[in-house]
Each structure stands twice: as C-alpha cells, then as structure tokens.
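Step one of this worksheet: look at the structure below.
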Amino acid sequence: MEVQDLAQAYRLFECIQCGRCTGGCPMSLKTRFNIRRLIYEALVDEDMDLQSKEVLWDCSTCGTCTLRCPKGLDPTDIVIGMRSILVDGGRIPPTIRDALKSLAIRGNPLTMAREERSDWAEGLGVREISEGAKVLYFVGCSPSYDPRVQKVAKALVQTFKKADVEFGILGNEEVCCGSEARRMGETGLFEMLRELNLETLEPYPVELMVTTSPHCYDAFQNEYQGLDFKVQHYTQFVAGLIDEGKLPLSKEVKRVVTYQDPCFLGKQNKIFEEPRKILESIPGLELRELDRSRERSLCCEGGGGRMWAEGTNPEERLAHTRVQEAMDLGAEVLATACPFCLLTLEDAAKTVAGEGGIQVMDIMELVVEAL
Amino acid sequence: MGPRIGVYVCHCGVNIAATVDVEEVTRFAQGLPSVAMARDYTYMCSDPGQALIKEDIKEFGLTKVVVASCSPMMHEPTFRGTIQEAGLNPYCLEMANIREQCSWVHEEEEEATRKAIQLVAAAVDKAFLLEPLEERRVAVTSAALVIGGGIAGMQAALDIANAGFQVYLVEKEPRLGGHLAQLDKTFPTLEPVAPLLAEEIREVEGHPNIDLLTSAEVIGLEGYIGNFKVNVTDQATIRDLKVGTIVVATGYDIFDARLKPEYGYGIYEKVITGLQFERLVSLSGSRKFWVNEKEPQDVLFIQCVGSRDKSVGHEYCSRICCMYTAKQALLVKEMLPQARVTVLYMDVRAYGKGFEEFYDQVRGEGVLYRRGNPSEIYKNGKRLIVRVEDTLLGEPVQLEADLVVLATGITPRRDSPKIANLLKLPRSPDGFFMEAHPKLRPVDTVTEGIYLAGCCQGPKDIPDTVAQAKAAAASAMIPLCQGQVKVEAVTSIIDEELCSGCGICAEMCVYDALSLHERKGVMTINEVLCKGCGACAAACPSKAIKLSHFTPAQILAQVDALV
Amino acid sequence: MKVQKFLEVKEGDTLATLRSFLQRLLEKEIVEALLVPLEAPSGDTVMPALVKEPAHLEKANPLAPVMPVNAARLVSSLTIGKPREKIGALLRSCEIRALIELVKLQQAHLENLMIIGIDCLGTYEVTDYAKLISEDRSPTMELVRGAKEGALSPHEGYQFRSACRICEYPIPQNAALTIGLLGVDGKMILIEAQEELAERLELIEGEAASREEAIKKLVEARIEERDRLFAQFRERVVDIPGLLAQFSTCIRCHNCTVACPICYCKECLFRTSTFEHESGRYLRWAQRKGAIQMPTDTLLFQLTRLNHMVTSCVGCGMCESACPSDIPLTTIFRAVGQEVQAMFDYLPGRSLEDELPLATFKEDELTELGGR
Amino acid sequence: MQASLDIANAGFLVYLVEREPSIGGHMAQLDETFPTLDCSSCILTPKMVDVARHPNIQLFSYAEVVGVDGGVGHFEVGVRQKPRYVDVDRCTGCSLCVEACRLKGRISSEFDVGVSKRGAVYMPFPQAVPLKATIDPERCLFITRGVCGKVPACKEACEAEAIDFEQKEKMTELEVGAIIVAIGFDLFDAHLKPEFGYGLYPNVITGLQFERLSSASGPTRGKISLNGQEPKKVVFIQCVGSRDKSVGVEYCSRVCCMYTAKQAHIVKEKIPDAEVTVLYIDVRAFGKGFEEFYDRVRSEGVIYRRGAPSEIYKRGERLIVRAEDTLLGEPLQLEADLVVLAIGIVPRGDAQDLATLLRLSASPDGFFQQAHPKLRPVETEREGVYLAGCCQGPKDIPDAVAQAKAAASSAIIALRNCIEVS
C-alpha cells in the first residue's frame, strides 16, 4: 500500500477533523503523536512523507480514538495501515524488527525457544488438549515465558482445578495469536500466525477457548474468522464459575484494591463488569474505583508493539500516572487482568512507590489468595 | 356619585404571597378613597377568582376594577373579559403588576410589600380617571394579495386559494418560478427541479381562485387590514385591487461576486458563481460538463462569498450555501469521477433534516473539505491559483484549479427599500424585512394584515421557505375566515387646538396612521391604523396628542402616587 | 450659476445705495412685497415691516446692528398660509437658518419666497443701540467701515450681544440674493445672485479680493471666544447642583419661548392646566422634600425646552436677550447643542436635505446608550 | 399551541391533546431565548393563556390519543385522560396540597430536570395551564401503599375538596376532520456518552439543566451556582449526541450551537470574571440574526476553540476536559468547575406508538417523515394528517412556529373543503 491509497482504503474523506481522536488519545498527553493531523495530511498532502513519522510507533492501539470517532472511522486501524507502509519501507525501530523476526521464527515475540513454551506448566499436572478436553486454555506468549506473568498462568490453572474444570493447553504447539504482529504493521505475519493456530486447532473438538491475555482474546474474538468454538477472556470464564457457585472463595483477603481496565478488555470489547464481579466476590476485599475507569480508563502503554518500542518520550510514562492515581486512592493493590498492564504497571510501581509500596497484581493472583 | 373601585390582590399561589404580605396590601387598598371593596385570593385568574370579581361588581355596583397580580401581558385580556361579562366596559380595568415587577425581583418582604402597596395605590389613582372605550369591528374584503411569484409566493397563493379565497398573485417578471427556476437539482435527493416546479406552476396558473398578474408591479398601497387598496401596473394598464390581507414574498438577490475583487470574478472566466454552475450543469445535460471544451481536473468551491463578511456589509450567514455547495461538489464527482473536488469552508452548516447525512455522503464520495477561507485568486499560466490558509494545518497553501465556484450568498433585493417604503415595512439591520417577533411571530409584520413569506424576511432553503409561505398563508386567511377584524380601542387623539402640524409624530408612527390635514394645517389620525403604541404622544412637543387609556392626567396621577 | 456683481456706493452713502437697490427690487417686480427692517419713528431702533410701496423703503435700514426680533418667526406667519404673491425677505444668517428649521417643521414655506441675505456685522442689545443713538455715535457706519478688514469691534464701553460675539456664520447661506459687505471696499457693495437675476439688477463688474480673508479673520476670532465661553460653562455645570444653579433664577415668564424663532407650539404645555397644580399637591411636595422652590417646575420647563429646541437651535440668542433674569441661555443652548448636534451629525439651518434628528428614526443610533 | 390557535382563529373547533399535566412543552423550561434574549416564559405564557381562554379550543391535558380511525374529513379519535386524582373543576390551583404533601421535596422535578424536587402532588410550574394540581400515581403513598397518615395530607389541606382518589381514567371519542401531530422531541440522554462522566460528576450538567439554573423563575432564582459555588471556569461542549454515529445520531440537532452561544453569553453576563470556553466542530449560526449573535458573544470574551472534547476526568476537585484544539494542532486539558453539555434533540421515546396509530412512517433519523423533503414539509403520506414542530426533525422556535402555522394552513384548507363537500 502507498500513502496515496490510505484515503480510499480507510475512508479518510469522511473525517470531519473534529479532534475527538487526538483529544482522547493517551499518547497525545506525552508525545507529538496526533492521529487527527496524520489523517488530514494523508488527505491533503499527496506526497506526505510517512517514513519520517517516528511518532507512529508511539501508538499503543488502545482504541480510544476508534471508540470516540463520531463518524464511524477507525483511526487505530489507520495507524496500523500507516505502520504497514513503514514496515514495507523497512523503516522500523530495531527492537520491533527483532520482535517480528522472533515471531516469524519462534512463534513468539520474546526471542524464546518454541520448545520451552510449556515449561511453566511442569509439575502442575496440566493436560494437553490432545488428551481431549472441551475447554482450551490459550496461554499466550508472555504468560508462557515471562516469569512474572507465569504466576498468572499458574494461578489460573490452580483455579481451574479448584473448580474442577476439564481443560487442556496446546503446549508447545501454541504460537502467538498474532495480535501484536498485526498492530506493528506486519499484516502478512499476522495472517501466517493465524493460519498456524487454525491448523493446530483444527483436529481438536474444543467448545470453549479461555485466554490469559485480553489481546489474545481480542484477536481470536474479532480477527480470526470461522472459529467453531466460543472464546472467552478468563475474567468472563471465572466470573461464570463464581456465578454457578463452582468456585468457593472462602479466605478473607483484607486489602484495598483498585482495578485498571485493560484497553483490549474494556474499551475495545466492553468487558467491564466481570473483572469487578470477581473482585467484589472476594471476601474482605475493598474495591475502590479510579476516577478514570471503564470507557475512560487510562492506557498503560503496553499494547501495539510498545513492549518492544520505547516511543518518542520514554521519560514520561502513563503507567506512573496510573500508579500514582491508585496510591492517591489509598489502594494497597492495583489489580489488572492483562499481562502487558501487569508488567508496565509493576515496573512503574517499583519506580514510583519502591519495594513494599503499592502492589501490582493480576486478578487471578488475588483469587487464589482467596481459595 | 364618583367611581366605585374594586381592588383584587392575587397571591398567585406562593409566587406573590411568599414575598408580599397580600393581606397587608388588601387592608391598605380598602382604606383608599373611593375603593368600595378590596379582596385577596390565591389565584385571581382562576374561575372562582373571576367569579368573585363578577359578584362584587353586581353586589357593590363597582364601576372600576383594579387587579394586582401578574403582568398585563398575561392576564389583562382575561380580566377585561371578566368585567365585561359583568357588564362593565372592559377598559375600566387597571392592573398592578406585583409579580414580575415586585415579588419575583425582590427578596425582602417588608420592602416588597411597600412597593406592592405603592403599585396598587398608583393603579387605583389611575383607575379613578379611566374612561370607557369602544371596541369597533370592520368588515374584511374576502381576497388576498400575494406579491412575488417565486416558490414562496406560489405556495402562499395556492394555500389561500385552496381555502376558497380569491387571490391576486403579482409577479414582476413575465414568468413564475423565481430563482428556483434557475436551479438544476436539489439536495439531498438530487431530484431535478424542473418537473417539480412545472407542476407547481401549472397548479397556480390553472387555479380558478388565483388571478395571476405577471410583468406586474405594486405601485401604491393604502388602507388597513381587511380593507387594503392596492394599485398594480398590469403591463400597460393600472389596476386597483381591493384585498383584505397581503403576503409579501418578494424574494432576494444573489450577492454580486464583483464586490470581492480578490476572487477575480468577472476577470477570470473560470471563476463562476454557484448560480452559474447550476446553469452550466443543467445546460450541459448534466451527464458531463466542460469548461471551455475541457474537463476540469481540479474543481474548487469557495464558501461564504458575501456571507459572514462585514467587509461587504453582510454580517449574516446565507443559510443555503453550505448545502448547495455540497450538492454541486457531489454533482461534479458524479460527472467527473477523476476530478479532484475541494471545498474551502469556515464552518460547515449542515443543520437541516438530512443535511448532515448528505454532508457525510458527499465526503464519502471523495470530496475534500479543507478548512480556511481563501483570501485571493490569481493566474499562473493557464491555471488559477487560490491562496488560502489551511487552518487545520496552520499553513498557507496555494491550490491550483481549472474551475472555481464561488458560493455566493443571499442579499436583500436591491429594490427592497422601495417595497419597504411602499408597504411601510421596517427592515432589520441585515436589510431584510423585519418580522413582528423573531421567535413567536416569524411571518407577521408590525402592520396587521401584511405577512412575510420566503427569503424577503431572511435567507431560507426550499423546505423552510415553503413552510413559511404556508405559515404566512395561514395568517393571511384567518382574517378572511373571520370576515371582520377588531380595531384597537386604545388610540391616539389629537387636540387640534394645540397641534401645530409639525409632523414629527408622523415620522414616528410605524403604522402610518398620522397625516397632515392640508387645509387645517393640523395632524389627523386614522383610528383603524393606530395601534395605540403612544410613540406619537411621546414625540409631540406640543403635547397635542393624547393616548386614550394612557392620558397625561392618568399617568401623572399614577406617577404622583408612586413618588 | 451664481455670479458676483457689485453696486457702486453713491456719495459714500452705503445705506442710501442699499435703499435704492431694494426699491429697484419692487419696481422691477422681482418681488411684490418686501420684509425689511424700517427705522422706528423714534429713530432709536428698527423693526421689520412688510413693504409694498417703494417709497416706504426710504426708512429701510438693513445695516442697523440691532435685532429686536428674529424675523424667521415673521416669515413663518407670512408663509404658513402659502401666500400667492412673491415676497422678498431681507434676513441675517441666523434668521435664514431659523427659517430653514421652521420649514422642516412645516411651520413655513419657501414657495413664493425670495430670501435676501445680508452680511451680519453683529448686533447690540436693543437698549444699548438706543443709547448709542442717543449719544449720537452712528453705530451703523462705524461697523460698515470696519467691514473691509473684518475688524468689527464694538463701540467704546459697549459690547455685542453674546450670541453675536460667538457667531461663526456672519455670511448668509441659502439666499437667492446676498448683499455682501465683509471684505468689500467701502465704495462697493457685493451682490451675489443667480446670473439671470443679476442681469436684471443693472450691476457692475468688480472684485472682492480680500473677502475670504476678512471672513476667516472674523470667524476665527469668534470661535476663540466661543470656545472660551463653552469651557467656562462646562466647568460651571459639572453636576446637578451646577445645572440647577444655571436656571435658579428662572421665573417661568416664558419670554424665551416667545422670543425663540423655533419654539412653534401654538400653546406651550407649560402654560396649560397640566402645570396648575392644586394646592394640596404643592403642600404634599413641600411635605416630602421639606421645602420646594416656587414657582415650581422651572427646571423641568427649561430642560424640556432644551430637549425640544436644542437640535434646531441656531444660536440667535433672542432668548437670552429676552430673559429678565439674565440666564446665559445662549451659552447653555449653544454648548449643549454643540454636543447633541455632533451626536446626530446635524447642523441646524445648514440645509433642507438634513433630516431633523427628532423626526428621524434610525435602527442603529445611540446603541451605546441603549444597549440591551 | 400555535397550530391550535391558528385553526381556532379561522373559526374551527380544536381539540388540543397534551400528554403532560400542563401545556407549554420544552419552551416553558427555557430561560432566555436567542438572539433577542427575551425571557422565554414571558413570551410563552400569554400564548398558553390564549389557548386556555380560546372559545374554539378544548384542552385535554394529561391525556393521550389511543385510537385513530377513518380518514380526512371524518377521523374518529380516541382520547384517554389519565386520572389526576384531582377534580379540576373544584381545584383552584392554590397549591395548599402541594405544600402539605408528605413527600414534598423528595421527588426530582421533571420540569426542573432534577435541579429541584417536588412532592407526589405537584404543580408542574407556576404558569402551568391548566393551573391544576396533579397526583403522581407512581409515587403517591396513598395510591401505592393505600395509606398516608390517617387522612392523606393533601386531602386534609385542600379547602376546595378537590382531591379525589376514586378518580378513574376517562375515555372520549372525538370526531375531527384533520389531525396535526406536534408531539415534540426528547433530549439526548447524556449518560450514553460515558466519557463525559454525566451523572458521575455533579458539575457536568446538560444544556436544559443550565436553563433551569439560570432561569429567574428557576430553583436558584437565576443564580448560576452549584452547591453554593459560583463557577469561574465554564466549558461548553457542543454536539453531545448530535452528528455522532457512535450513538446512532447522525443528524445535526440545529439548536445547540445557538443555545450554547446564548448560555455562554448568560454566564459572562452573570459572572463577568468567569472564563467561558466553547468547544465546537462547526458553529452553525445559520438563522436570522444568529451570526450577529455569535459575533456578539465572542466579542464579550467567550472563547471558541475548535475541537470536540474526547473525555472528562477529575484532577483534585477540578474537572479536566480533554480535547484537541484542531486549529493549534495541540491537545488540550482544560480545567473547569462547570461543564455544560449541549445535548441534542432526539425523537420522542413514544413517537413509534403514535406512528403506528396514525400509520405514519419515520425517516432514517427516527423523526416523522414528511410527504416531500422540499415542497411538502408538513404533509404526511396520510391525507388529513400534518406535522408540526420537532416531531418532524429538530427546529428552533421560529422555525417550529412557522411550521406549525404551515400545518394549520393545510388543516384549515382540508376543513374548509370538507365543509363545502357536505
């Protein structure tokens, strides 16, 4: 695709330049990234020089702009389209290139080995889906490899067992859902990964897929066509278990907790209630709402390839703001339900609050405390 | 025996009673000389309240009534009706406004009560001097005149005619249709105008109740609502028409683009106006169109030419240009899909039903909207260069074009001062005819019996024009239906002993009710035209004019009671 | 078009020359009657008279520096009934300007009227003039001599009426025929008129080179005086008490209304029953205020007159001359007038084209005062 | 009301059916009207009184149309009058019952859009026509629970013995020659734009709430203040629920630009030192005197910035409005202690029911469809049924009045012609 094709491809003509996209954009709080203006330039400036637009890598694809657009356009997608032009032109930050390469070769962006993907599950007695289970637990990349996020995967497993859910994982067959690849502008790579996953899944009689990451959930839910099974994010599934009374949360967890809506769960898929439901059903736990929550929640900057690209203003981090807000709220725990949020926020917590300060946890970690 | 006055103080629920001690006020009133009866009641305007007054009039033989309640604007007609039903002359009523002018604007009870007392005292002193007045009625000539044969005039004429009344439709030009006849298609449906209009014209021409006078002009008007006498030049002859009501639908002129020399209109043939574009398209059979034998590659539309522009004395928005430009831009896209079509705007005013949707559609078709009002056009070789700041980029740009279409706005007709003078219509600062009230009386004028339709009152698109034309028709047919009209009883009276005939009053009178009696050298008043506004009385240096119901004696008595 | 011709002054007697000129107007039936000031039998003043018989013009004295009445009023009475005969009226600038206003107020008509204007060299109060005559100090010729240079100084120990001291319009406008003295050599009298009219008057060629010069000199001096008086006045009247002080001595004799050429009401409101209050009311007022000045309503009267007249006031000063209480009416009306007239960009008496501010309604005037 | 008055003045009998306890509609709630800044109720009330007093108009208030049959010249219309539980013939409108009600000040007032509270028996507003009390059947203790003290307080208080809990709904069959539909509009529900935190932040209010706040006859007697605080930084947000596909409202609501300009002016007038900012996409000052008013408001120091806000959040006690100034190309974070949402006009929730009754079709925007977009703006595809006002699409007052008179014209024609026939 060329710059000149953007207007047609993304119906840029329909934009009325109202500025809601940039106005709500979390990045516009800290960098010169201005999607409204980028759209306009693509419209009026036939020889727009996209290559020089480094800011394009600032976008975390949180989807706020798309959510707010009054004319039904999808600025997030426009950014992706622009990135794909950069990718074709080879203008990519090295870190991004490595991540993409790793995805192509190893099926994960973390430059980890394929055959180590399921190591985290050793000794947990987790069955492979091939052994025949209706519920497939799609672990995802960082839960599989990142030691911090592995805790979440483990917590999930523990919970599933407690509620005697018959489930299995793909093990080393699992490859990245491709969500990030697509958002980094590598549409081709995304399609490849999608095919891989679909092939792998093909033989298994899965009825329900549960994911750790909202990003995986979003990909399977919205970007994989023709799945013959339901896809749920774990918060939906676990909330379900609690509803059906299959998950006795007996232990008191005496903590003041606040919750960060992950963009891919909340803004993009409107899953607001379930995570809160889970937290509220943990005995002794006091849930306090951040002012900016639900549709207005503040992005952690983890998405859209930002795990592998610093962006143009690395000093300032929205995660810091977020942690600060949580602390002002008097929360002891800042809970979330997304691996990226978990990592970025915890990182921020360390710098802002230091060790022993506010704790950043995944909802599942609180759940197991209550088991 | 002197007048016997009844005073009625209203609580208006808590509206008055909460801040004014109504009992106190009533007690005071009871003590006033020639007050035969004073009462207070929760809602004087309610049926029981009115009943109270009627009974008292009978029982105590009251000759004058004072009601202390809300603004006369609200309930004077109510209470006039009340006392009339009890056999008093309706003008023997005086109201003291102790709500809007007292309880609603004061907090402190004692103060408010004192003021209320003064207001009542003043009203009583005036009531003492009130004199009965006669309301007269005059018969109505059962026909209407419509001036202007554009879409507004035709619609108004049709409605009145369809209601069964004789209509004279006077059109300056030899043919009907006005500006509409020059248009090609209408948004948002892109329906061709010609057939629509033809149908309308056929209906008008064939209508038994419509007497159509084309190439005709109104040259004289006298009389008043119900009995207007109109002189019309019908080709050679002059006809005298007698009508009861008049609808003015004289339309508008298009802004003369030459007044914005920076756009080079008249110099560059490729700079045309919106109206020329309409002709261009409908002549070129509207499948393709050329600018001197070539298909234009870059077509540029410029909005607000002669609108929102104090520099040419048109502060107002012309209301239609945004949408006709959008429509024209779309037409170009349809005829020349390859052409680049750009619209330069300040604000896109797609306010009407289906407008925003149409605006969306037009952009969807690939018409480029850039924000910025061009400041000049010049030539570079064969191509036109338009200089403008793109205010969204914050950068000055120079755009090449093969065709520039100026969205010229709507202006009052050049001859509207003449018409205004002829019909005694005031004009608003923008130069269009002025309606009686900008909110609630959009088609009436200060002159009863004369109503406004279409763009002579201000810019309008077709549906709004049609609606307003029908509205004017409604106003115009009501007196015809009633067969007679009431004449204001409160009028000015001239004391010929005092009047020097200087004519200052005549200048002041918007109703044209005063004229100089040549022989006597004093002013005389037409009581049917007089609306009793009192402007003349105030203006007369000799105080030779009295306003009945507001005579100096009555007012001074009131003032005296207050100060 | 207008031409400048001259009359030769016979035996150095300007007045006699003018008299015979005026007679010529009647004899040649250029007019059928002539309104001119004639010397009163007493000889110590002049009064306007309507002359049909040329012989009577032996007593005409248009040069006498005295003005018992503003003749515009008389022209009004003569023309309001639209006379059938052609009348000529010999008028000073302030009289012509007042006449223009009266025409706009439909109190006079110009059909069958020929305005003959004459340079005004300034006027004395009637009493002063009489005194000068009795002292035998020929006030008239003194001035005429000074006219050439535009140096018009009053006699030792006397001064002109305050209105004349500050008058910027010594030269008549809107006249069909103008008699000019300022800046003209004493042996000549300037006659300005339409060519065809001038033809019939047997005039000679000549030139008044220094006329502009002389007028400029005179007017400048007067403007200086005017501004001085206005400045004083504005200092005095900074507040309500200041204003009251100005009128404190008014006795509501209404002389001013009688003398004023513009005051045209048949019956002044202030002479009607409206202001004959019953005693009870006087007492109530006194009760409320503790004391009230008698006669009452004087300020109201003066301000009403000011309000009615000020846009049309031509500053002839007859009101002040007529005032028994020496209220500086000229200064008051002219100073206030200056501001009000500027507000409406209106100069009374300038032209029939200018619309009377009081009688013209404009959407967009005085918005800063009105506002919402 | 306008349509009724015109038809009645033309000599025909008019039945005016109003759903609410009083006629007047939305206009009664407004403070001043642009561009002349007339007080709304001052110009409206006389009209209401005219309607009430007109010998040719029969008013059915607190009533609704439940059935329509027949055609032009011979419609049969069923009208149901809801029980007020107050005998209107006896009620003097003295408000004693209103004062007495045990729930007084407990129920949020529809008229004041929640800015003030009413009781279970209430008078919508002082100038209401008819000026009769109405008992809210959903809230009244006696009706809902069957008990309210020994004797219901209102019953006790009423001297005219007008309170009547036995009252039942009343059905009336009307025969009419023509029908005018003028059911008006609803306002966009700002909750549907959660990013603005309406309902969450007390100092984020809607334009209509602002009207009640600034209205001299309103609960604060015209003082613009929220819990006693006079706002110093006021931000107006345009196009809330207009031109916004994300909430299914594609069209422009036509009135918001100008009512916002007017409200901005009022703030400047009442709080001269207040910073007033209007955030807009396009300023649609299209009508007579509108542009002039827009110019005036800007000259008074109201700041217009081009950019539709994206979200509102809190920093300390202050609200922060996030937007982009599209002319600067800079993101904004405006502090505010009052945010006014220029909510748009939407079709009435119950418009569909009436459409079915009258067999009218709706245009894509949900408003009633006129016969022809250009030349027949008030006719419908059903002969004898005409449209007036905002039920056909958003309109400002003069346009609504003009259209009402237009509808009246069509109706008068229809009526006169069926007379000639018979």
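For the reader, a short list of remarks on this structure follows.
Order of writing sets the labels: A, B, C and D. Residues in every chain begin at 1.
Note that contacts are C-beta pairs under 8 Å (C-beta built on N, C-alpha and C of every residue); 3 or more make two chains touch, one makes a residue touch a chain.
These numbers were taken from a predicted model, which means no experiment stands behind them.
Among the pairs B-C and B-D, the greater number of C-beta contacts is found at B-D.
Distance between chain B and chain C, defined via averaged C-alpha coordinates, is recorded as 47 Å. Separating the centre of chain C from that of chain D, both taken as means of CA atoms, is a distance of 66 Å.
Spacing of chain B relative to chain D, judged by their CA centroids, is 24 angstrom. Taking the mean of the C-alpha atoms as each chain's centre, chain A and chain C sit 96 Å apart. Residues of chain A found to touch two or more other chains are 16-17, 37, 71.
Shown for chain C are the residues in touch with two or more other chains, of which there are none.
For chain D, residues touching at least two other chains, in rising order: 243, 282, 326, 329.
In summary, the structure contains touching chain pairs A-B, A-D, B-C, B-D. Contact residues on chain C toward chain B in their complex (touch as defined above): 80, 105-107, 264-269, 272, 274, 281, 308, 356, 358-361, 363-364.
The part of chain A that touches chain B in the complex is made up of residues 7-8, 11, 13-17, 37, 40-41, 43-44, 71. Note for the complex: chain B touches chain C at residues 427-429, 497-504, 507-508, 516, 521, 539, 541-544, 552, 556, 560.
Within the complex formed with chain D, the chain A residues making contact are 16-25, 28-29, 34, 36-37, 64, 67-72, 291-292, 294-296.
By the touch criterion given at the top, residues 11-15, 42-43, 45-46, 48-49, 71, 73-75, 77-78, 81, 100, 104-105, 151, 155, 159, 162-164, 186, 188-189, 191, 196, 200, 308, 315-317, 319, 347-357, 360, 391-394, 428-430, 432, 435, 437-443, 457-459, 462-464, 466-475, 477-478, 481-482 of chain B touch chain D in their complex.
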